[in-house]
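The two complexes that follow have chain A in common; it is paired with chain B in the first and with chain C in the second.
What follows is the complex of A and B.
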């Protein structure tokens, strides 16, 4: 129980990606990448994570900015959440991402927090954050997934020893936009779809994304596919700002003559990864965009949900948010 | 209405500039030569016994100066809080402290200390302890009763059936320890047209002081100088001296600014004395700045309730009887009393013809509890509001009407003893609020719009708001300055300053010529009341009044003695004492002050009344001979309960698909006698409104019953409302009718300002949901969603300290 005081660490501030990759490769699991620091500094101050070395990415100019490309948009991993929220291209073509950004954390955190840090941030399970030795922290028990565990904010789907959820508001928006994540390591570059970028405890209980030690997320590419579609983003949290989602929903819908041609819906706060609402999408695709379709699709949203002791309210919330995403977009 | 020069007018309290520029000094801003920094090692488990402490690794650690353990400080008998303990009774209970050249070194040292703690059973929900076979939060028992007749531990257990019945909302049949009543309760129910019973839970939550408590101390010539984070100033002195084990004259407290206390820093708390002991041991000044997380452990929390209430109403809406049973969560240190206060509030606010209160204070291994803004009154305000609405519904009455019919007025008698009140104008507050809010229109508007529904609610707040018998001290110096000595603490309400305006009013002087002295024992401050319980305004306008009257009497006497005639020939104005029949003849205050020094005696403070407190006596001794001294103990007539009252009206729009609501309108009306300081009052009413909104829907303790771990130990996790969770405009006003027992008609308001808000919002949520009463604060998002979906709630009925 020692808090509010960081441990000492070596701070590296590379000026380019090559330098950062070299450091990241050399330091391996002992090195901690930091962008805006909004998640990292919490961990450090709480002393729940005590890295020996920190690689500060914020001086790498090439990872900044939001650029138009032939195939869509490329967002540097260091773009701040505020930049995403205010960017005119994103607002006009991919409003779901700007809307999601506007609901992240608080204005102060958005001004500093980056999109890269947002998608790479760790889960908010309060047990884990308090620094205790649960599965995710390398231990051999889960404190949340017990009959008496205080698990109101935990998952409905995909439990595998760990029942923590994806905390990011941007993640579901990136999933519905079919974004691809550009990851660099010493061997080169690989891209992974947003859908596959996030991983559950069944894949690796100590990580939230496919990024491995020594790798850096350098950019996020948004294809033209969904530009200008109808969008919906809604987040329900206890508070209207400075609060993580209990459940959030992002949707992109292509509508012609009132018929849903194509649709992607993803929800946060219900699984360790942003959850694609595939069944709801299948039900809605090809149907009229109206309340009836919305209700039908929403009815499938929570199929397979396994609520914990304190979170069955998320089932109703999830269904209602999917309903609204289709009905009100 | 009296035309005052200062009372009822806005002014700029002298500490404001420092607060907006950052120059204001809080306890942690002070540095002295040779100062070292301490950090705490606190208990990682909810209940245990320290069997071994190994600090040998620190012997050779660079930068470590020393260690302080429970063996270095006075032992304290359970369940009272100790400075350091070997019997931790909650996660976060301080066990030892390390001092080092800087905080980082001290914190690193913690990781090298080995503390062995033998675990003991623990409880985080009173009902888990109360049930037969359940764990006791203390080895000595699970109940601690504090009473004048004698305090002590008890062990009380209820049978499984009794607990089950209580959970099912039935009248508790288990043992209780506290009871009072008045009137014919049975008869009251027999005469009632409508009777209902309701169970309720109000979960405790943190005080949330922005300034994590800090203290720095050193010794000089046998006197301990403490730079502390204190809610009260002079009132801290006896307790601080006791904690430090020295005479009161051997303690100096410096607390110029305090970043909030809200009841958690009323009197000297144990950790404030730690640097004094550490400093003595090390021979160096020591500062202890606890962490934000530790503030959530030792910074105290509101008492939680698990209760049951039965109420009866006559056909005309009058409450004929009330029967209240409250199990209080009094934490590990048996700090409560909220239950009985809640009963008192029922008696005063709703004036039932007869009532009974029964209470049972149960110990838990959770954060120590402390008085928090409206301790008891505000919990029960939230419980009562939706139930009053229910009574109104069953009687086919307007919710405003039923409140007016039962409203406290100047003839109401209250509490078990059926005491009189000094004055009360709840009806006027309700009427003023209803008018500003446009209750009739809002109450009768169409409520449903698609998946949105409008809810309106009314809340009433109460806390006793004054005391008496404290001292006032003022001084006029030969340079014409009027020195107002204020022994009240400065936790941000400005009442340390606004109450001195009573003296300026009496002296008819210019505010620019006044100098306020406060925040430091060495500033020669009088004995003052606790800066809590909404008492400062009533109490210290009186104390300042009597001191200023003493000065006026002395000034007239001096002038008569100097210019001839008798004192009654003279009056004051324009900072002059003048002859009534020949106004040109007179003396300036400056001249009178100079003359007072020459004349000595009581005029200059060389002698003083023998009924003033020892603290005031010392202050007078120190300033004697520097000017004209006005000093007196408040012996003005005072009888009966001094109520601070407030009423609030809320309109919300609730989304039936998400359970979220927006607060569309809020009107809060203060009923605190004469308004002393309009901006200060508005600040209280708005701050109280926001706080009530937090309590109604967001803030609560959560503990893991498996290991006693608290879930909310940070601002973010505690769920305090943000700007976007409260209305952009919070409208406030005041009844502004004078109370006869204060020279200016003023009473206090701090606590009711919040009680009316939590009550009004709870009532509005219930209204939006067609009158459903959750019987619980906070009404969280998940509860609303589950209710609308027709699903059961996640928690066990009457469970507490849970999500």
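What follows is the complex of A and C.
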């Protein structure tokens, strides 16, 4: 039972972004932000992370809600995954995001977990999550990338000492919708495209996103560009509830007279970041939307993959998901 | 380095157990009984105070420990640590042990309670984040004279539970399902209860119970 007890921390509940930024700045690396806490509390209970102070963002009203804007939609970082799943605007214009939301975790976690927490969550590599001092935790070994390492869930692409993957189901959907992430720090606001928001171990092995200590993701903006396009989302996991994606795929396709005018496809679970299927997109663009195009494009999906001992199955899984995304959207 | 596959979280912590914890372990049951019998718990010390030296106050601007919680329609004053989960507060401070704790990791649903009309894992909710929202637990379902809620009755009539440990959570998920969707299909019910694991595998019996409850209420 002692192992389930979180170590002591101070808890702050600022009422606005300015208050949260000030706290985050003051606390530095000793502070930890929580929104819904669904990812964070596990870290604390396993005592793999032991922050001295926790800043609860959930009282910041301005970070809630889903609003229509001239250029599209603005989703507050505190919008829950259930709110995303049930929102009528998202369902009618950006169904790929609502579909992805419906496949996250379990109903209870979706009711509490936020979109901000979902895209900022840390990787699920269990060596790392159980508190081992691997590369990502500041050590000098990867325990997953060894001959005996249990790496069935790990990456096919982009390994650089660490072979962990992007765990989020919402991230690939946001990448294909070309969302931009609104980040605030004490100096002001900056926006980063969803594609550039996620970073791999080659950029920084200890972070999954560009967010730095002292910064807060306040909102996510979805442009009109892909509103009402044809969409596809599919997640393959061991169980339909709770389990993270072995591989997931999100796609947005604009079709005119049966010809694919434009297309974006991104997959989770295969790299540390949601992986754009750029070659498959290039092959499909300008071609008829049919089985033949889908097969041709999907054949490129796993090009360059470097499988680990136990994850070769992800290659055909990835190819098949890309095929279905193009054919069945 | 040990074989990483057999590593257990916390094994390598240099930190000794907090003072008082081992002494407390042996008296845990007595403590819980006392809490339930007296109902008064605000000043309880020991179990949850890991890492807190007695008398240590909060840092400036940090949460106040003595808070009011709206549980099953009653306002309860309770002393809550910053790092305390709602499951802990409900079970060990308010004596509401109908809410079960199993995985303590958001992976089973035994701890499901309703907060402002939505299901939550109370093991994965810091009590201080509840604020003024209303919490409903399995104890809050019975009528004024102790008669069972129609959903509880339907679960009995359909022999829903097997061992019964997951039942409070299954029922709380059903409460919310039927509030939001009074006439669900069996598939909708399956999805609504999908965040509640049952080690006995009584899923079909639970679905029968939900469908019967939807008929009677």
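The working rule: the second predicted complex is superposed on the first by the 327 of 329 C-alpha atoms of A that agree within 3 Å, B and C clash if a C-alpha of one lies under 4 Å from a C-alpha of the other, contacts with A are read in each partner's own complex, and residues count from 1 in each chain.
To be clear about the criterion, contacts are C-beta pairs under 8 Å (C-beta built on N, C-alpha and C of every residue); 3 or more make two chains touch, one makes a residue touch a chain.
These numbers come from a predicted model, not from an experiment.
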item	value
Contacts of A:150 with chain B and chain C, given as first, second, both or neither	both
Chain B versus chain C as contact partner of A:7, first or second or both or neither	both
Chain B versus chain C as contact partner of A:56, first or second or both or neither	second
Touching partner for A:320 - first (chain B), second (chain C), both, neither	first
Touching partner for A:246 - first (chain B), second (chain C), both, neither	first
Chain A residues contacted in one complex by chain B, in the other by chain C	1-5, 7-8, 46, 106, 127, 130, 132, 143, 148-150, 240-242
Residues of chain A that touch chain C when the two form their complex	1-13, 23, 34, 37-38, 41-42, 44-48, 53-54, 56, 58-59, 82, 105-109, 111-112, 127, 130-132, 143, 148-150, 240-242
Chain A residues touching chain B - in the complex, by the definition given at the top	1-5, 7-8, 46, 106, 126-127, 130, 132, 143, 146, 148-153, 234, 236, 238-243, 246, 309-313, 316-317, 320-321, 323-324
Chain A-touching residues of chain B, taken from the complex the two chains share	39, 42-44, 91-92, 103-104, 107-108, 110-111, 291-294, 657-660, 697-698, 702-707, 709, 711, 713, 716-717, 719, 721-725, 780-783, 785-786, 788-789, 791, 794-795, 802-803
Touching residues (chain side chain C, partner chain A) in the complex	4-5, 7-10, 12-13, 17, 21, 25, 48, 50-52, 58-59, 61-63, 81-83, 85, 104-107, 109, 112, 118-121, 124-126, 128-129, 131, 173, 191-192, 194-195
